[in-house]
Structures are given as structure tokens and as C-alpha cells.
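Chain nomenclature is as follows: A, B, C, D and E, assigned in order of appearance, with residue numbering initiated at 1 for each chain independently.
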């Protein structure tokens, strides 16, 4: 286990593995997403209540899930980097942030688009919406902190600490609906979340989710590869790796 | 290894010195309080001062003001110490940095947070906050303001190396502090509408415990990075 | 007692130093010299444990400094380029606090040390109003009073008048006699005699 | 006597340098903006987010937020320059100090005030401010924020030296700043209710002229005292 | 050209100096010495017009300094204990701004002065990361580039390495040859020769 971690932690090794894995994830993502979209838009039955409006769920829910999932990943990578001083982990964490922010933005955008017909307004100061917005701020904060520190070493450590502190907010965001409900106005979401979903609808949703995950994996590996190359720009293996192409 | 003074002694010493420094600047002392009062007096001015409206927004104003006041104070929590080099010496002292930073934050709360708590009935009165909601609000503020200070302190420690990381600071603090605001305002709201606010208060207390036990280490780690 | 092995440090994309190893033993003074910006201060900060080196280790009494911070720092005192004074507090109050964290010392100890460094008259003026040399003297008093075994002094002579510079020399001599260790960075030559004095040139 | 660069050159140079400094730290740049956004997002969070209520308090929130953002930013307008000694050099430069401090304040407005003005429609939208009131609010903010900065700057120049008087002085500016707030909020209010807000806007413009022509000299004089 | 008559200054309830008169003429260097805290820096600040003395006047070319600030300041350059640098700006940017207020000077002038004081390599690092000696060199470059007639230097040698100190001496010598005036406060002796060098001891 240890040697494995350390081996993976060595940039050239990581670079090689990542280079090999990326296309797999990429193609898998493409296949799953295309299939999911097709299924979601044409195959899945129309919702008896919302008619076709509900179909945006196939983008909304996966991106909302990913926004949280990526944050947890980022924090884990950051923690590994901080504790064992593995630069590669920092590189991965740094690579996660913009992707996570994009998915968060996507979740917000699709949610808003959905909200307009459903609730008659683009935006409501409801717990879940607000906490998702806060997640976007968390990502922005992480990226801004990195950008604000010139020294790479310090930027790594400082932003890692921030990512770890920020994890506290993830469960709050995830369970905000339940908590807030008990405290305050019955959430508009529970109505929509009609728990037991029709399996015909669910399968395409899961497919989209898997597709988004693969997409994330492909992008994060690509970004991390670039990051690793950049950081090791004056080392021999980088030159070899680039010439080998 | 030399005999060094115990943790308690060091803690008290640090709190005392920070209070001493604060009292040397009566102005600085009054600052967050002033701010708090300003927010709450300016509001009625900027609005049509209808009691019904004021009453409806009173908890919001009170809580947002408290949050902003602590947030703005957080900005300067460690900046001066880092700039004048005393933080460097603190990091090199044989006392645990986490403890010393906790002491600094507590001193800071005594200067900035406690006055807010004490003043809140007056401000509440000015905003026509129902009298029943006042004790709950005070307790909630007393629980919430230290959390705000502790979180603000951790983020300040992270950004203090960056000259004027101010905007960054609020960007970092806001998301983490939001639950505190929500539960705090909720407690006031519940007390106003006659619901038992114990649940929200317990939650705040739990958050405070969590913050006291975790943030000092985060602060110390962040500060060591900033000093590097 | 203090040993550093194979230190390397980067700043931005510039490598300040690499492969620096050094050792300072009981009653020894190591005088580090080098041109402006060669990395002397940065080296001292690494040795103090303020900065993490890229590679290499620093040990004190055989134990890694990064692992046993409290023990190390209780025996070390650092005087940097900056004076580390609270401008609103007097020299007496500043020193009182710094000492209070290190050892049980009453106010009379603080007074007497301040007197020793020639600040008897200026002890109660807020340090913002002190002259540059007087501020330096407070830093030196901190070191003197700390009873630390290892002194790390970054240009202690700065802004001092002739008497002050002599005082620093004398104080270091006494410290060495008491089995102390001194790490000194200074552009001027110091006035400590003896075979336990070594010099190291950084490029 | 040497040939020194003209007033215009020096002015532009100073504005440019301060902007450059601000842009070096995206954080600082975003600071008041963040603050402004925060105030306006926190409010709905702390209140019952009912559109009707939000609409009623929107002008109040907008104006108080703008006021606080400019005042708080002003607090630190000269502190850093005094601490790092660049203010000393500025006072020793052959250019008139009043002009240079005016330039600094204007740069500061460009960084802190202008974004507020530009962002106000968005914030207004979030708070359900009626669309008709938006242009008036923007003009009023554009007139009011520089006044706030100039007044805050004069205060900052004084407090930076009188290390003890900070709080007292913030007490002093409150009465000066209040008319600005009142007229500003009044203008928004008038626009909301369909009354012609020109009167309030002219008053603000007059106040701005007054501030621009008087405060630079006050700032310079205060600064020279502070540097003594 | 620079003349001070009967200056007196109080700080708190302490009289720092009284009845100080001095004059510096073309091509003259006045070296002021004295123990720490005797009031040298305070005297320089009075001569610069930063501090108002209790009594006495300072004149430049026969005109009171307090009355003709712009003229005086356009011909004077002050290097104080502090470096007066914006930590976030590089040496190049800092110097560019300072010069821009004083004379029309393109960026190539700034570059070449920085090169002259040995900062060619460090010119674009934010000054917060500069070493103590490098910061001092920026201050000195400011003086050198200002084309001011009167230099007021408060311990310019601080933190400089041997080469740096020699450079300052050489630069002052050249300035005197060009009919410049120098007011120097330093604890060390300087390396400027000639009969136009005078010394003044403060108590």
C-alpha cells in the first residue's frame, strides 16, 4: 500500500498512468452522456405532473451531485498533500477546483432555468439554493487564494488547509433541505423530489451521473498532467515525455 | 530543556497583553461597537421608519450587523502582529502557537464581541424587537460571535501573508460562517413567534464547541504557512 | 548541538542555496557572511524552523527541529532584521511579555536587563518613539534575558553606536564562556576572539 | 529650482500606481464589492425571504451597504502608506500633497466605489427593487460614494496619526455622512414611488462639489500633522 | 546653502536638543554622529521639513523651508531608517513612481540606476521578498537618480555588504564633486576624503 502510494506519488509515474487512463475515461464519458441524454430526452416517460419540463433533471441532478463529490475529492487530495507532503496531490487538488466550480455553476444555472417555470421565479432564497451558491463561493475562495500567493509551495499548503476547513460545509449543503425544513418553511424541493422515481426515469439519470463522473475523471487527469508538467518543467523526464510524443 | 512557564500562565499573559494594547487605543476599542450601532441606526434612517417594518427586519439587521462587525474586525486580528514581527517571535516562543492564537482570539472577542452582546438589548429596543426575543437573542449572540471570531481568525491567519487580502478574506469566511447566521437568526425568529428556540441554541453551542476545539489548530497551521 | 544537513531552498523560481550543511557546538560561534541577497537571512529562518526547506534536515541535540518545536524553541532565541516590538507598548512591557512566555522572571529582572543594554531612561517610552538604535537594543535585551542556549543573530550591530557594538561583542563572549552557541550574520567583522569562532562564506 | 513634472502628470502617476497596487491583489480589488454582495445576500438569508418584505427594505439595505463599504474601506486608505514610509516620501516630494492625496482617494473610489455603482442593478434585482428605481439609484450612488470616500479619507488622514482618537472620529463623521445617506435613500424612494428625484440628486451633486474642493486640503494638513 | 539656526526640539517631556545651528554649503559633507537616541534622526526630520521645531528656522538658499516647500523638496532627497517601499511593487516599479514625481525619466533610466546599485537581477521581484540589503540599495538608488542637490542620508550603510558600503562612499564623493551637498548620519566612519568633509558630534 505504502509503496504503491509513493510510487503513484512520483510525478513521472503518475504522468504515464494518467496519460494512459485519460482516453478511456474520455470515451466512456462520451458514450454514457450521449446515451443518457438520448434516453432522458426521448425514451423516458413524460412526467404526469410536470410534463417535459422535468427532463432538465438529467443535467441538473448529476451536476449538483458532482459539485459536492468533486469538493470532497479536492479536500481529500489536499489533505494527502498536506500530511505527506506529496506535491502531486496538491496538483490534483488544484486541478479539481475549476471543474468543481463549473459543475456548481451548471447546477445553479439548470436549477434556475427549472425554477422559472416551476416556481415562477429564477431565484429564491431557499436553503438548498443558497448553500449551493455558497459552495460556488467556496470554490472561488480556493482558487482566489491560490492565485493570490506567488510561491507555489505556500499556495499549495495554504489552499489545502482552506479546502479541508471547507469540508465542514459539505454535509451542511447536502442535508440543508432536511435541517432547514425542520426549522423553517416546508421546502419546495420535497414536493418535487417525489422520492420513488420511476425506474424508467431513474436508469437514465444514473447513466448521466456515471457519464459525468467519467468526464470529471478525464478532465481532472488532463489538468493534473498539465500541472505536473508545469511544475517539473526543468526536469529531464518532462523533456523526455514531451519528446516521446 | 528549560523550565518554561505553564500553558495557563502563557494564555493569561497573552490575553492580558492584547487587552492592554486595545485599551491603549480607546478608539480601536470602540470601533466594532460603533459599527454595530451605525448599522442599526442608519437602517431606520434609510428606510421609512415604520415600526411594523422595522420589527420584521430587526432580527436580520441585528444578525447581519453582528456578522459584519466580527468579520471586519477579523481582518485586523493578526495583521499588525505579522507586520511588526511580533508574530514571528510568538511562533518561535516555546509555547504552543495554537494556544496563543486562541488566546488572541479570545481577547479579541472580549473587545469586539462581548460589547455587541451587551449592547444588543439596546439596539433591539431601537429596532422595536419584541421584548420576549431579547434574552434569546443575547444568548444566541454570545454563542455565535465567538464562532465568527474563531472562523474569521483562521481565515485571517491564512490570508495575512497576502497584504490586503481583505476581499479574499470575506470570500473565505462567508461560506463557512453562513450556518451560524442562519441558526442565529432562526433562534431570534423563533423567540419572536413564541416557539421554543432551544434547538437552535443547542446547535449554536455545538458549533461553538467544534470551533473552539478545531480552529486553534487550523489557525496555527495557517499562520506557520503564512510566516514561511 | 545544532546540525543542518544538505539544506536546499527555493524562492520563486530562484534557488537560493543547495547542499548547505553546518554544525555548531557548545561554546562555538559561527559567523556567516556573504553579499546582499545571497540568502543568509533565509538560511537563518530555516535553521530556526520558521521556513520549511525544500530538502534537508535541521537537528538540535540530535532531534529533528520540526518534530520537537517546543523543546528547541525553549532553548533558542532569534534576533531578526525586524525588531518585533509592539509600537504602542514600552520597551519594558514588550520585554516583559516576551520573557513571560519563556521563563518565570519578575519585573525587576526586566528592568535590570534593560538597564544593562542602556535603556534605563527610555524603558517606559512607547517603542514607536524609540530611536532605531534603541529598538535594536531591546531586541538584544530580549536575547540576553532569554537564557536561551542558542542565539541566532541577524545583523545585531545594525544602527548601534560604538558602545552598543562593543556591548554585543562582550555579551557574545560571555555567552560562549557559558557554553552557549551563537549563529551570527553580520557584514562587519565581530570582536569575539578565540578558536571557537568559525566563519562560513555564502556565495 | 529644477524642472519638475506638472501637476497633471503627477496626478495621473499616483492614480495609476494605486490602481496597479490594487490590481496586484485581486483580493483587495474585490473587497468592497464582496462586502456589498455579502450584505445583500446575507440579508435575505437572515430574514424570511419574502419578496414583499425584501422590496420594502431594498433601498435601505443598498444604501447602508454602500455607506459601510466606503467608510470601512476609507479607514485603511492611508494607514499602509504611513506604516511603510511611502507617505513620508510623498510628503517630501515636490508635488503638492493635497493633490496627491486627492489622487489617492480617486483611485480608491475607482476601486471601491465604482464597482458598487456598477453592481447596484444586480443587487437591486436580487432584492426585488422595482426596475424604475434602478437608474436613479445608480446616479445617486455615483454621486454619493465619492463623497463618502473623501470624508472617510479626511478622517483616515487624521486618525492615522492620532492613534488614540479613532473611535471618536468615526463618531464625528457620522453626522457628516448622514445627510448623504438620507438624500440618497430619499432619491431611491422617490423613484420607487414615482416622484421626480431631481431635487435630491442636485443636493448630492452640490455636496460632492463641496467635498472635492475642500477635503483635499483638510487631508493634506491632517497628514502633515500625523507625520510630524 | 542649507542653514539651520538655533533649533530646539522636544519629544514628550524630554528636550532632545537645543541651540543647534549648522550650515552646509556647496560640495560639503556634514557627518553627524552621536550615541543612540541622542536625536540625530529627529534633527534630520526637522531639516527636511517633516517635523516642526519648537524654535529656530531652517533655510535653503536663504529662504525659509517651511515657506517654500515645493522648491526645497524638488532639490532634496531623504533616505531614512525606513525603506519607504511598497512591498507589493517591485524595485523597478517603486523607483519608477518616486522618480516620476521628481523628473521626467524614462524606464531605461530607472533600469540603469538599479543596475548601478547592483539590483539588475532583483529589479522585478516584489520588494517584500527582497533582502534587507537589497531594500537599502533601492533607497540609495532613489537618491542617486533623483538629481537632487541635497542628500540627507540617515545611516545609509545599514545592512549593506562591503561592496555596497564602498559604493555609497564613491557615490557621495562623486556627488560632492558635482557641487552637491550631503548630510550624513552614520555610526561608522565614512570613506569620503577631502577638506570639505566636516563632522558634528551630538550629545
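As a convention for this text, contacts are C-beta pairs under 8 Å (C-beta built on N, C-alpha and C of every residue); 3 or more make two chains touch, one makes a residue touch a chain.
Just so it is clear, the model here is predicted, and its values are computed rather than measured.
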Quick one: which chains contact subunit A and subunit C both? B
Which of the chain pairs holds the record for C-beta pairs in contact? B-D
What's the farthest chain from subunit E if centres are computed as the mean of the Cα atoms? A
Taking each chain's C-alpha mean as its centre, the one farthest from subunit C: A
Centroid of subunit A to centroid of subunit E, CA atoms only: how many Å? 58
Expressed in whole Å, how far the mean CA point of subunit B lies from that of subunit D is 25
Please tell me the distance, in whole Å, between the geometric centres of subunit B and subunit E computed from their C-alpha atoms. 45
Roughly how many whole angstrom separate the Cα centroids of subunit A and subunit D? 39
Could you check subunit D for residues that touch two or more other chains and list them? 25-27, 30, 45, 48, 163
Provide the list of subunit C residues touching at least two other chains, using ranges where the numbers run on. 11-12, 52, 88
Give me the residue numbers in subunit A that touch at least two other chains, ranges are fine. 130, 144, 148, 150, 153
The subunit D residues in contact with subunit E across the complex are 1-5, 9-10, 13-14, 17, 20-21, 24-25, 84-86, 88-96, 227-228
Applying the document's contact rule, which stretches of subunit E touch subunit D when the two form their complex? 48-52, 70-71, 73-76, 78, 80, 82-89, 93, 97-98, 100-104, 147
Of all residues in subunit D, which touch subunit B in the complex? 25-35, 38-39, 42-43, 45-48, 53, 56-57, 59-60, 63-64, 67-68, 72, 80, 83, 159, 163-171, 174, 178, 181-182, 184-185, 189
Contacts from subunit C onto subunit E in the complex sit at residues 11-12, 34-41, 81, 118, 122, 125, 129-134, 136-137, 155, 158-165, 187
Footprint of subunit A on subunit B - complex, ascending: 154-155, 158-159, 161-162, 165, 168, 171-172, 174-176, 178-179, 182, 186, 199-200, 218, 221-222, 225-226, 228
